[in-house]
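Just so it is clear, A, B and C label the chains in written order, and each chain counts residues from 1 on its own.
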Amino acid sequence: MSSDITPPVERPKTTGLHVGEAAPGVAKTDPIIVVDGVRRTFGGLTAVNVDHLEIPRGAITALIGPNGAGKTTLFNLLTGFDRPDAGSWTFDGKSISGMPAFKVARLGQVRTFQLTKALGLLTVLENMKLGAKHQIGERFWQSLFPFFWRRQELEIEDRAVGILKKFKLDAKSEDFAASLSGGQRKLLEMARALMSEPQLVMLDEPMAGVNPALTQSLLEHILDLKDEGMTVLFVEHDMHMVRHIADWVIVMAEGRVVAEGDPITVMRNPAVIDAYLGAHQELDLGVVTGRYEAEDADPTTDALASDTVEVSDIEEEASEESK
Amino acid sequence: MSPTATAELVVDINNVVAGYLPGVNILNGCSLQARRGELIGIIGPNGAGKSTLLKSIFGQVNVRSGTITLDGEDITSLRANQLVALGVGMVPQTNNVFASLTIEENLQMGLFQRPSAYAERLEFVTSIFGELGKRLKQRAGSLSGGERQMVAMSRALMMDPKVLLLDEPSAGLSPVRQDEAFIRVSEINKAGVTCIMVEQNARRCLQICDRGYVLDQGRDAYTGTGRELLNDPKVTELYLGTLGV
Amino acid sequence: MDWIQILNNSASSIISPATLAYALAALGLAVHFGYAGLLNMGIAGFMALGAYGYAIGILTFNLPWWAAALLGLAASAVFALILGIPTLRLRGDYLAIVTIAAAEVLRLLFLTTTFDEVTGSADGLSGYHGSFRASNPIPEGTYGFGPFMYNEIGWWVRILGIIALILAAVTVWRLMSSPWGRVLKGIREDEDAVRALGKNVFSYKLTALVVGGVIAAAGGIVYALPSAVNPGVYVTSLTFFVYTALLLGGAATVFGPLVGSLIFWVLQTVLGNVLPAAVDAGLLPFMSNIQAQTLRFILVGIALMLIVIFRPQGILGNKKELTFVK
């Protein structure tokens, strides 16, 4: 799937984001989020353990890592949907650790969810209008008298239709969101997030389960966000996509940040490759376990080494780790 | 030619269309065959339907069309409890052990349908996972992710399954423990258990499996022996990129 | 069986204070359950607070009837706050348990002899109609036509009840068709999604609890206006009757509770007349007159189960908009 799409029209990548050598926790020239000492454990399992992390403003940053690395947990912590065991972080210089999710959203940080939360029982347009901030009609006493909020409602509706047109969802504005396809719901969630005119848009696996045709358009929309001055932080698995649109990549594994840098360099980083592929990429486990002969070894591996290494060697290494 | 290539079919998935939400299909006509004694690997990008395929075998997702048979018997619309009785074992990715129970009790849970076979099955399981035997009284909740996964696999093995389904056994594990996990699955399969494994670490998965399926957009994009797929340039380029994801 | 009499009674019950009271209570519950998705199993408690607040206001505090009514409404609002602040973060089923318990606690407080002076304990309260009747603008006499013949007090109660019902219905309608109502609808389906958009979910749920509670209290007041306040009325069964009326009509609509209560009460009256008459006429030889009355309530229970199982959206509801049905 990843290479079926043609890369979007090349837009220049943002560079000069970091100060000093690109290592985990490197300082950024203009960070929008600064994370310090955040830890989150779930009954014995450390989900997140980040010493220091800075997210660059005005750029598109990708948060990658194998399953179970802690990416969504970190997302949930930063957006107030989860409480850490320890640590603090700031948004735009303001400390927001411990702030409830709705307050964080009001500060200009908006997020989408891995399992899309397009509200199926509302129409597409209602979903959009819900996203707008500072609505007079949402205050209890004012809501009883349409006189107070009718005009603002029309303005919000205009803005909503405008954004829907950009996302090519305007034809569906009166339909219940539940009747949209999975990919369309993702688009709706992103469009809805834009209604609040955020500074930082955090997307949790925006491409998951979306067909190639829609992927192209989603990528374009994410690039548009940067052009309009917003900062984007997204979690993804699709490396081709990350390579195409990310200015900066942060790699997590087992709750820690193992690497940071521009997409090309990061993906050649041995620590990163390790995290995804296992400890010994030079070994073909099929040969190590004796299932296959050395002459049939995976061409990217070292056949001789695979033949020599025993299963017990790896098991020993694993039990060493837990000490 | 591998010895399993002519063995009889254990699991036959034929053109399955399935999904969770009404009107939205994750699997769009997916097929898979597993013969006795084989280790089948399923790889593909996130959202391609790998876990959904496994769940459709285990009765956890709506199969809208197509059939699934086990040893020739149609199991398409059966519930999980019926499937366990028929010999389908599942090792889920998360929430895979009863944290408040000991390892021993977890293993006993795996066998509650045939408690008399406990001693015999325990011997089989500890022959693969030696350290289990020494830690039977330990509470499962105090184990690390990798250790829990080992207990989950053992629990599924206790019932002497006809086929063992594994959902991303290497997920969330450190690099060296990932390798350990793959070795474990290989050992289980060598002991004679037919395995179907969904994996994110595509390269490792293909290295140890007999045959593999590459899923994309809910369909089988590529299939072949593990070695064939490892050597296929299209597969390598698309799915085993620099980071194998 | 005297069908004319039965029909007369049934028609008359359409605008009886009991029907109006139920309509108000069901409307309040519609705000809680239908619109906000709060599983409030203690609506009887809110009604009790309205009724007792009214009666105690007059009898103990010597307030004029309208001030006492406001007291009843205020008491209900305070109760909603006390109940809501600790419990609204609970999962739905836990909220149900807590609200049943809270309503029972209230009822027992009204029942206990410790406060007998104020609450009348088991005897309840009566004789508070003085200032209400005094304020009646309708001159003495009997008015109406056909089955709707009442004296000036009867009409005064019904008119005020209808005004209260219209005010409440318009308020709920306005509220739910505004952006405020839109947020509540979103909360009903998925709180986290709404939080992520910057809305204070807790505040909305608490407000809904207060609004619904005040409307239900108004129902309690209307119920008590013409008669007496009896602690035996505000039992958990009352909550289930109100749920039946609500679900019958359509939980997430404005007219649903009204229609549902109407049908509920008219049916109750019909059965309350028909069943004993049938017993007397020898049609139900296995039952006594009193048992026939109780049979009514058994039928209500069965009806509630059938509605929930087979048509949870009720008469006026839209199945697509329901969140408590999969």
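The rule is simple: a contact is a pair of C-beta atoms (placed from the backbone, for glycine too) under 8 Å apart; a residue touches a chain by one contact, two chains touch by 3 or more.
This is a predicted model, so every value here is computed, not measured.
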Open item on the list: In terms of touching chains, how many steps apart are subunit A and subunit B, taking the shortest path?
Closed with: 1
Open item on the list: With centres defined from CA atoms, tell me which chain sits nearest the overall protein centre.
Closed with: A
- [ ] Indicate the whole-number Å distance between the mean C-alpha point of subunit A and the mean C-alpha point of subunit B.
- [x] 28
Task: Gap in Å, rounded to a whole number, between the CA centres of subunit C and subunit A - done: 49
TODO: Measure off the straight-line distance from the CA centroid of subunit B to the CA centroid of subunit C, and report it in whole Å.
DONE: 55
TODO: Under the touch definition given earlier, write down the residues of subunit B that touch subunit A in their complex.
DONE: 21, 23-24, 26, 45-48, 93, 99, 141-146, 168, 170-180, 182-183, 186-187, 190, 200-201, 203-204, 206-208, 216-217, 226-227, 230-231, 237-238, 241-245
Open item on the list: Under the stated contact criterion, what part of subunit A meets subunit C in this complex?
Closed with: 79, 81, 100-103, 105-106, 110-113, 117-122, 126, 129-131, 133, 135-140, 143-146, 149, 153, 176, 178, 192, 196
Task: Residues on subunit C engaged by subunit A in the complex (per definition of touch) - done: 171, 174-175, 178-183, 185-186, 188-190, 192-201, 207, 320-321, 323
- [ ] Mind listing the subunit A positions that touch subunit B in their complex?
- [x] 1-3, 43-45, 66-69, 179, 181-182, 205, 207-212, 237-240, 253-254, 267-268, 272-281, 283-286, 288-289, 291-292, 296, 298-300, 311, 314-315, 317-318, 321-322
